[in-house]
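Once you scroll down, you'll see the structures, which are given as structure tokens.
In the two complexes that follow, chain A is the common piece, with chain B as its partner first and chain C second.
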Partner chain A sequence: MSWLLRRNMLPLHSNSLARRPFASPLPLPPASLPSPRETHIWYVVPDELKDASLLYQYMELLSPCERQSVLRMNGERLQKGALLARALVRTTLARYTDGRLSPKSFKFQKNRFGKPEVEWDKYDLWAPPPLQFNISHTSTMIACGVTLDLPIGIDIEEKQRKTSNNILSLAHRYFSPVEVAYLKTLADPECRQSEFIRLWTLKEAYVKALGRGFSGTPFKDFTIRLEASNSKQVTGELKSDAPSIVVEAVDDPGILMNRWQFALFELNNSHYTAVCMERDVKNPADGENNSLKLEVWRTLPFVEDECVTETDAVKNIIR
Partner chain B sequence: MEKLARQQLLRGNTRTQLQRRYRRLASNGRKRYSKFRSFLLLCSPMAVAAARSALLKHLRVTVASPAPPRRAAPLFFDQLVLRRRGFSTDEARGTFLDKSEVADRVITVVKNFQKVDPSKVTPNAYFQKDLGLDSLDTVEIVMALEEEFGFEIPDNEADKIDSISLAVDFIASHPQAK
Partner chain C sequence: MAAVSATSIRFGSTFRTASWSSNQTGGRISNVKLVSMGISKRILPSLRSPHFHICCAAKPETVEKVCEVVKKQLALKDEIVLTPDSKFSALGADSLDTVEIVMGLEEQFGITVEEDNSQNITTIQEAADLIEKLVQQKAEA
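This part shows the complex of A and B:
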């Protein structure tokens, strides 16, 4: 425990320690695997965590390397955020293993561009599900998205976020010409501000799904916009006229990169959230809606989980 | 171990070494010029012109337009000296900024950033783990640094600038930084 004290991370209340001195965590309720076009999102709100002993429990789940990274963060708030992020990833993935893997047993590696992914062990009698995940955090929320074997990127930003620079200067510097033109059509500065943030989350989610980093996929090289949908799908079924989010290369406009599908929505009334997922071509839709499906849970690992998919916590979905 | 450390120190100081070398050359050049000038003053203008063209031919440097020898000579001779040593005037004047000056200016820009706690800004601070900044913040700081130093940082480099010391290294090694 001395390593916690060294960085003066938590106020040590002898009461909380006496009550639950390193009690074994409650088992995580298992979750069913995401279906082919589904993204599962688990989010935690750091301010909801009032019990300091929980932080000790989360710390127990981390690898020594992760603990070092957490303790290297400068300040209690940043340490708590980093700790919760790792705990969220581990507990979320563990839910999908039907009790066979504990959060502590996961190992992680980075792909050649630095994107984190699970390093699965070989088991004799069981094949672990090929889960892919991505996390995003702000100071007031941490979100983890999970899919079955499909690359995913997720990004969240506070709705109230203000930028230091002028929106159009930022857009001119980092966005594509089509996106800048779109932002210019918005006269109201509040509207422009929120559209900028939403577009930013979409672009971040796309870059994170690709997994090549900011320098591998410069923002200026691609456009994300709304495309009016065709009234007939491949199967000949009528679809709703709702526009869909599409991405295209700046050098090749008009050629949509259909491999990727998006969802943009508001989470917990506080955050714009964007999800980008690779389209599952192995399991094409049979006459049903081809767009990205979402299942969302608000969680405080080992304390409570709440499915908020059909509630007010998930609003204004655009796919 | 010592040899390696010395080598690294030398490599790191190459620019400073070059700057020192230039200053030495310039002062040598000035000393030589003052001797040459005192010689020139003793000669007639025609002899001076002849001497000048002889010098030019010897050094094989083309001159844009003939200038009155007395006024043009000072700068001109410095340039000749430097050209012989293989420096262009721009490089010799040093468009590479001094690293400690860059560090001060970078730290000021970062401290002025709204979301940053100035007490946490140290020369070794990392944007994410020390200052708690995310990708949008980093992009804004990169923009602020571009404004401060008057040149554009390419996107494929911006990704790698995730600390103050990396920003300082990058800017100090860029000749376009002002």
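This part shows the complex of A and C:
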């Protein structure tokens, strides 16, 4: 943490030194567990962190191994981002344990393909909730998605992200033929740019949900697209549902992989966000509504949490 | 550390007689640079590559070109120092950055990187090594 000292971010006044780094963090408000079709998303905006002593509090939560990884990042900005990401994962998961587990106590392991997951201890009188999580970051936002016992993938990209290479070159190289054809129908370059980014986040979220890595689930082998829903009959009236996001194997077009459901939306007016979650077959939905539900919070751990689900911070949702 | 330097000197002398002998002046200077720069570090941990040969280590010019492509793609400020061992992930590269870097390198060097090869590139040095291998394969084809 010498960079904190070098850059004069460490508070020099003796009272503030006495007050902050050794003060115990405010307890995290507990959160209710996600329901079977729900993804909870907690996101942090690094630029909102103005208090350097918070970085100390976050650093305290990390394992020695995580601390080393943070310090291996090249430069202060990347180190701060890496630190926030770990702090976000730990504090988010802790919220769902009803105060029984502190953020610091979590242990993590990787599945055989390298996907991070929680390593739960065995407790005598309490079964920890089988939480699954996934994170994504850009330099301006870090997001953590949580589900109850269902594989999840999340990806965020800045809406303004520009690619160095031509969109169609990238698409030809990495996307499926159906996806390339779709992008080609978009004449407006800006529209094509944003659709490329949105499709990228969906494909990333799917790969991350599967947990087999980029090489285990090559982008070219699957298509993500909108499927028009059939009109449904509800109480005698014809009701057509909005199109839904589906995934199919390139080798097996028309056979939709219904196991996976998606949501695509804009977060904080700055990021396209895609979530992919396994459908819960143990708890089949009654009636029409079996689409992925979202609950979203903006957070600065130990400082403030704000539920933004029904606000302007979460908009243009496609499922 | 003494053992490592001894190894590096040994490999260094082998370099002088290996495939770079055609590039007489440049070769000798680059040998010295590589030996002091970090080639000694690379010799030991290359467990990932069962086919590790001395002649697969990339020229400094290739490493430099890779650095340029990476710096540009990740919009790295000049004060960020890139070394051959710099990991893309530690530079803040996400998966879209990585594929863009691969495409940028393909364009620079006139090569095509197979999907499974691109997953093995995690550092600047690995990218440079793969590029030289592909350039050589292309020349031989």
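Assume the second predicted complex is superposed on the first by the 290 of 319 C-alpha atoms of A that agree within 3 Å, B and C clash if a C-alpha of one lies under 4 Å from a C-alpha of the other, contacts with A are read in each partner's own complex, and residues count from 1 in each chain.
Keep this in mind: a residue touches a chain if its C-beta (ideal position, glycine included) is under 8 Å from a C-beta of that chain, and two chains touch if they have at least 3 such contacts.
Remember, it's a predicted structure, so these values are computed and weren't measured experimentally.
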**Request:** Following the overlay on chain A, give me a clash-or-fit verdict for chain B and chain C.
**Result:** clash
**Asked** Counting only touches as set out at the top, which of chain B and chain C does A:Ser35 meet: first, second, both, neither?
**Response** neither
**Request:** Examine A:Ser215 and indicate which partner it touches, taking first as chain B and second as chain C; both and neither are also allowed.
**Result:** both
**Message:** With both complexes superposed on chain A, which partner does A:Leu78 reach: first (chain B), second (chain C), both or neither?
**Reply:** both
**Clashing chain B stretch [against chain C; choices 22-30, 58-66, 76-84 or 112-120]** = 112-120
**Message:** Based on the A-chain superposition described above, do chain B and chain C contact any of the same residues on chain A, and if so which?
**Reply:** 72-75, 78, 81, 137-139, 157, 161, 163-165, 169-170, 173-174, 200, 204, 213-215, 218, 220
**Message:** Quick check: in the complex, which residue numbers of chain B touch chain A?
**Reply:** 113-115, 120, 125, 129-132, 134-136, 139-140, 143-144, 155-160
**Request:** Enumerate the contact residues on chain A facing chain C in the complex.
**Result:** 72-75, 78, 81, 137-139, 157, 161, 163-165, 169-170, 173-174, 200, 204, 213-215, 218, 220
**Of chain C, residues touching chain A in the complex** = 72-73, 79-80, 86-87, 90-92, 94-96, 99-100, 103-104, 115-116, 119
**Message:** Could you list, by residue number, the parts of chain A that touch chain B in their complex?
**Reply:** 69, 72-75, 77-78, 81-82, 137-139, 157, 161, 163-165, 169-170, 173-174, 200, 204, 213-216, 218-220
